[in-house]
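Each of the two complexes below includes chain A, the first together with chain B, the second together with chain C.
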Partner chain A sequence: MANIAGSIKRRRIKGEGAWGYAFIAVALVAFAMFTAYPVVSAFMISLQEYKPLGSTYVGLDNYTNSLKDALFWKAMGNTLLYTVLTVPVNLLLSMAIAILILPLRKKTQSFFKAVYYLPVVASGVALSVVWLWIFDPMEGGIFNQLIRFFGFSNQNWLGSSSTAMFSLVLMSWLSSHGTSIIIYLAGLLGIDDAYYEAAELDGANFFQKIRYIVIPALKPATLFLLVTGVIASFQVFQNAYLMTGGGPNNATTMVGLLIFNNAFTYFEFGKAAAQSLILAVIIAGISVIQFKYAGKDVEY
Partner chain B sequence: MKRKMHVLASVVALTMALTACGGKTESNTAGTSTPAASASTSTAKDTITALLPPVSPNYQKTFEQIAKDFNAANPNLTLKIEPASWEDMTQKLDTQVNAGSPPDIAFIGSEGISKYVQQGMVLDITDTATKEMVADYDKAPLEYMKNGKGLYGFPAYMEVHALGGNKAYLEKAGIDWKKVQQNGWTFEEFREAIKKGVIKENGQTSTYGFVFATKGVAAKDYLGIMAKNAGMPAPFDKDLKYAYTSKNYLGLLKNLRQLIDDGSMPKELSSVDAGKRWNMFLTGQTMITGKGLATFENSAKANNAKITANDGSAVKGSIPVDYIVLPAPTFQGAKPSSSTVVDGYVTFRGKKEPTAEHKANVVKAAYFLASGKVAATTNNDLFAAHITQSGKKAAESMKIDRSADNVIAVDNMLKNATPARPDIPSDLGAKAIKLETEVIVPKFQGLIAGEITAEAMYEAVKTAAIAAFGDNGIVKD
Partner chain C sequence: MALYSNHAGNPKVKTTRNTIIFIALLLFALATIFPIYFMVISSFADPVEAGAVSYSILPSKFTFASFKFFFDYSEYSYRWILNSLIVATTVMISNVIFASMAGYAFSKLRFKGRGPLFAVLLVSMMIPYQVTQVPLYILVVNVFELQNTYSALIMPSIVTVYNIFLAKQFMSSIPNEIMESAKIEGCSQFEIYWRIILPLSKTVLAVMAILTFMDSWNTFFWPLLVTNTMDMQTIQVGLKNFRFANTTFIAPMMAGATISALPMFILFFSLQRYFLEGVTVGAVKG
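Moving on to the complex of A and B:
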């Protein structure tokens, strides 16, 4: 009897295992086709001078040439600067907005969630057109009207090296917080009221509650947003492409835009693939560092 | 765990197999060459594909009729047209080219040919285009479709990059625009003229003398058009030495900066894009604009009609404008060399070698699109000059409402059209494009934004040119 039961159990495990692998296989095949294959393919292309009618193997030339290219490092520097200026500020702004929205009535809260989330679902091109109008360097531009009110002269926001990067950063600060706000709100709603009640009994003020309850409790969400924010920021392309084209004087040329130009302007797919993989390694390295130092006391 | 490893191994194996397949195809097709093909009279059924943007306002509306007419003339052939927007065109075509399966015909600018020659994906039709077809074309535009010894398609039109003036403003500023249309003008004459066009109200400039779109890559158009009139009609001289290291280039840069320093052009010029400069022209914020094409006269007229109709469809704040075609000025005593744009139907090949019959059919279709009634209709819609005898003949019965003065002005400029340079090898051309994109455009943006001097830009270009072409590969004067 025991033998029969054991045999049924074994068969059941076998059957369950097969079904499990069958279900996983769908995801694995999709992953292999749409993620693993392009990455492997990009690596192979990065070792070639790619041409549709026959590529030439060039070894690591595309990597060494990229690493020797001053424009690549300038683009890397621009991307790093953009990341340093945007990611932390965006996290702070999103957290602050989420904290301000939290106590509102449900309908009002939903209204603000929708308002902040709207740019996430809107077309990036359409948003860029609006921002181009806001940054219009002539008298009609909103920012120029605003600064003229305070007695400053017109600024050539996107057309001057001294203000172009700041303009893109400003654009990032003032938009696209929708996803972060929703994630922070979800995190805030998960904090037990008992912590606040205990803090109140101890006489903690608003900022002390933020410092000792909210920020530690939101650490998992912050780590997630920090890692994904840095990855997205390192891959920034659309803003630079649509707003400045990388100019003036390469002041806003980001690595993403440089890779695009190498691939689609010069048809140097090998170099573009090599630069993509260098970027991927850098992003992976930064993510590991973030997990190591910011994620060691995070509980999930 | 063992089982999981098997699954993982299978995935890796599948990935490697797929990758290996891709690599094999590439190496198998490497080094294939196009055998000579002869004109074919085969009656076997065939389909020719064409990727076409909205060349003129009404062009895409006529696709069905074009395909029908082509089929009527060639019953065994089907012309399958895929429409594309101008925005999508390059990316769509590039993706198809790099996948090894481009359309048979695509409408692109002739300057794009060299990049596809480098890829080996354009179809040389020298041996397939008949003598009659070639004889139908004006020589100058046809040359633009050549690279080296190869002919890679048929041109649709040759337009001149002119400037456009507001007639009322020009006359108010005392500028004899008819004389300029006939004789051109020097930089000094142009500089004085646009100074007179500036109008100030309450200390602020309400109308500039001249506005050219220079935002982003548009900066290269401004510099390129002016450089042609400064004794540098191409990036390479006849000895294939890089020309933009000439002292004339430094002089040109200084002159272009002067126009901003004079206040004749806005100091925010580096942020003015094509749409904005046209809006500024229609709203009276500039007397002269560039770059202008003949079709702009049509656009200005259309806006005038909307102002008259007063139905709110006109550009906000616009005023009635009579569009006057003007040539670009000449610099430092150089001969005029008008910048032209030659776009046309470029022929492509895929990874698979096209048969002689298919090649002949592609040529038939490209010629059909680029000549006769189709070309006449499209070019009239664009106000562009006809460049084929068959197009000119077909256009005789078509009515066009165009200023006679502007027609003469364009004809004058076309007499000085910059000749094509099919002798520039594609690898040199590619290096020049890269230098333009990575050094010239960024530095020029800096120059017009007032962040670097003309001398600093010139030195940067010279240094990059020596790095790209060698010390002996550049012009030294």
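Moving on to the complex of A and C:
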């Protein structure tokens, strides 16, 4: 009897297993071909001077050369600067906006959610075209008109190395918090009123409630947005590519753009692959650090 | 009691407070959507050269001439939109099908290696796309020799790990008892998936479809790499061509930008709920 039951059970599981593999088959093949293989391949390419017809094995040369390359470090520095200037500010802005939206009526809330989310929906190329015109260096440029109103003089926003990075940062400040506002708002709505009641009994004012209830309650969301924000920011490519091309004088050359140029402008595939793997290690390292220090008392 | 005081005894204070908040939010919202407003308004201006353009934030004129200019610029203008539609629709459909199948298997079926496989998928989401871009390009262009084809545009995103993850997360919350009873009724695994799991997952599938379509429609980088003739380009790449060929004609450029963004705006306003829901489905629980 036990034997029969065992074999029936085994057959059921075996059947389920076959179905399991059938259901993941396409996903698995696609993953193997377009993610797993390329990652392994990137490592192989990074050890070569890659030529379509016969590459030469060069060991770690691509890595050591990159680490000695001033432009690589400049690009790293630019990427870091961009990240430091955009990610925390965007988090702060979206948290503030989410808190401010909270007391309004449902309809008004939906209205603001939609308006703030709209730039996320727009294509990046379209937005970059518009921002190029907003930052038009001529006197008639909209942004120049605006700052003249406040008594500043004309600037060549994207064309001068002192303002180009700031221009990209400003663009990020004004267009990329739709997602985080909605995540924060969901977090805010999940806070139990009992906490506020208890705080009020203790005589807490609005800002104390923010400090001791809201910010801790939003910590998981903040950590999530921080980690994904930093990861995305380290891979930034499109805006620099379309708006400044990395210039002037490499002031806005981000690592993503540098890797792209090495690969598809100079066809130095080996060098590009090595740099992309260095980037991957740095991103992984930063993510681990963030989880370790910021995630200490976050529970999922 | 909540974060904000209700000012129960004094409704005037509450109204004033909310009005101030509303105005502050509105001002920042105006700054946020200004580029989009500016893009749309400018696209209705005359297609004159930049030197003669008056930069104005109020429409001085309303004409479709710039849209005509954009479409006349290249015989492929319509083709770019069609290509984008073909690619985004195919990617959307294939993702919904294959990601939901994989999500079902990872959440509900027991098979050898399920745990480790899923862990590998999760870890791969952390890998920057810069790592895979060069080998992927070599694979598709040099090995498969697919450059300038729809296959090259579509295949690498036929099913994304993110969508598998989304489907798995959602389907895990469907109680097993439903499947058990279906099994007793004699449903095969495929019938369970098709008749029970899919209908129960409609929301997440809609979210997935919309976000995937949007990503695919807006993607610029991969189509830029694998297309080399105008007739195979998508609207985003076409727009870039247009920009470099015509930096002097600003209103038509804005018309092109508007055209490239318009389908997403229409989708967003008609299916807003799914867009906004999609943001929170993927995020950690608050």
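The criterion applied here is as follows: the second predicted complex is superposed on the first by the 269 of 300 C-alpha atoms of A that agree within 3 Å, B and C clash if a C-alpha of one lies under 4 Å from a C-alpha of the other, contacts with A are read in each partner's own complex, and residues count from 1 in each chain.
We take it that contacts are C-beta pairs under 8 Å (C-beta built on N, C-alpha and C of every residue); 3 or more make two chains touch, one makes a residue touch a chain.
Here the structure is a predicted model, which is why all the values come from computation and not from measurement.
With chain A as the common reference for superposition, the partners chain B and chain C occupy clashing space. Of the two partner chains placed by the overlay, neither chain B nor chain C lies in contact with A:Asn65.
In the superposition on chain A, contact of A:Phe206 is made with chain C only, not with chain B.
Of the two partner chains placed by the overlay, chain B and chain C both lie in contact with A:Ile24.
Of the two partner chains placed by superposition, chain B and chain C are both touched by A:Phe269.
Once the two complexes are overlaid on the shared chain, A:Ser41 sits against chain B and chain C alike. In the superposed model, A:Gln290 lies in contact with neither chain B nor chain C.
Of the two partner chains, both chain B and chain C are touched by A:Pro52.
Touch counts on chain A: comparing chain C and chain B, the chain ahead is C. Of all the stretches 38-46, 56-64, 74-82 or 92-100 given for chain B, the clashing one with respect to chain C is 92-100.
Applying the stated touch rule to the two superposed structures, the overlap between the chain B and chain C interfaces on chain A comprises residues 17, 21, 24, 28, 31, 33, 36-37, 41, 52, 136, 264, 269. Listed in rising order, the residues of chain B touching chain A in the complex are 3, 7, 11, 14-16, 18-19, 22-23, 26-27, 29-32, 90-91, 94, 97-100, 115, 118-121, 204, 215-217, 219, 266-272, 276, 351, 430, 433-434, 437-438, 441-443, 445-446, 449-452. Taken together, the chain A residues at the contact with chain B in this complex read 17, 21, 24-25, 28-29, 31-33, 36-37, 40-41, 44, 50-55, 71, 135-139, 154, 156-162, 244-250, 253, 261, 264-267, 269.
Chain C meets chain A in the complex at residues 1-5, 17-18, 21-22, 24-25, 28-29, 31-36, 38-39, 42, 53-55, 57, 98-99, 101-102, 104-106, 109-112, 114, 117, 120-121, 124, 126-139, 142, 155-156, 158-159, 161, 164, 189-190, 193, 214, 217-218, 220-221, 225, 236, 239-240, 243, 250, 253-254, 256-258, 260-261, 264-265, 267-269, 272, 275-276, 279-280, 283-286.
In the complex of the two chains, the chain A residues touching chain C come out as 13, 15-21, 23-24, 26-28, 30-31, 33-39, 41-42, 45, 52, 97, 99-104, 108, 110, 112-119, 121-127, 129-134, 136, 140-142, 145, 174-175, 178-179, 182-183, 186-191, 193, 196-197, 200, 206, 209-210, 213-214, 217-218, 220-221, 223-224, 231, 234-235, 237-238, 242, 255-256, 259-260, 263-264, 269, 272-273, 275-277, 279-280, 283-284, 287, 300.
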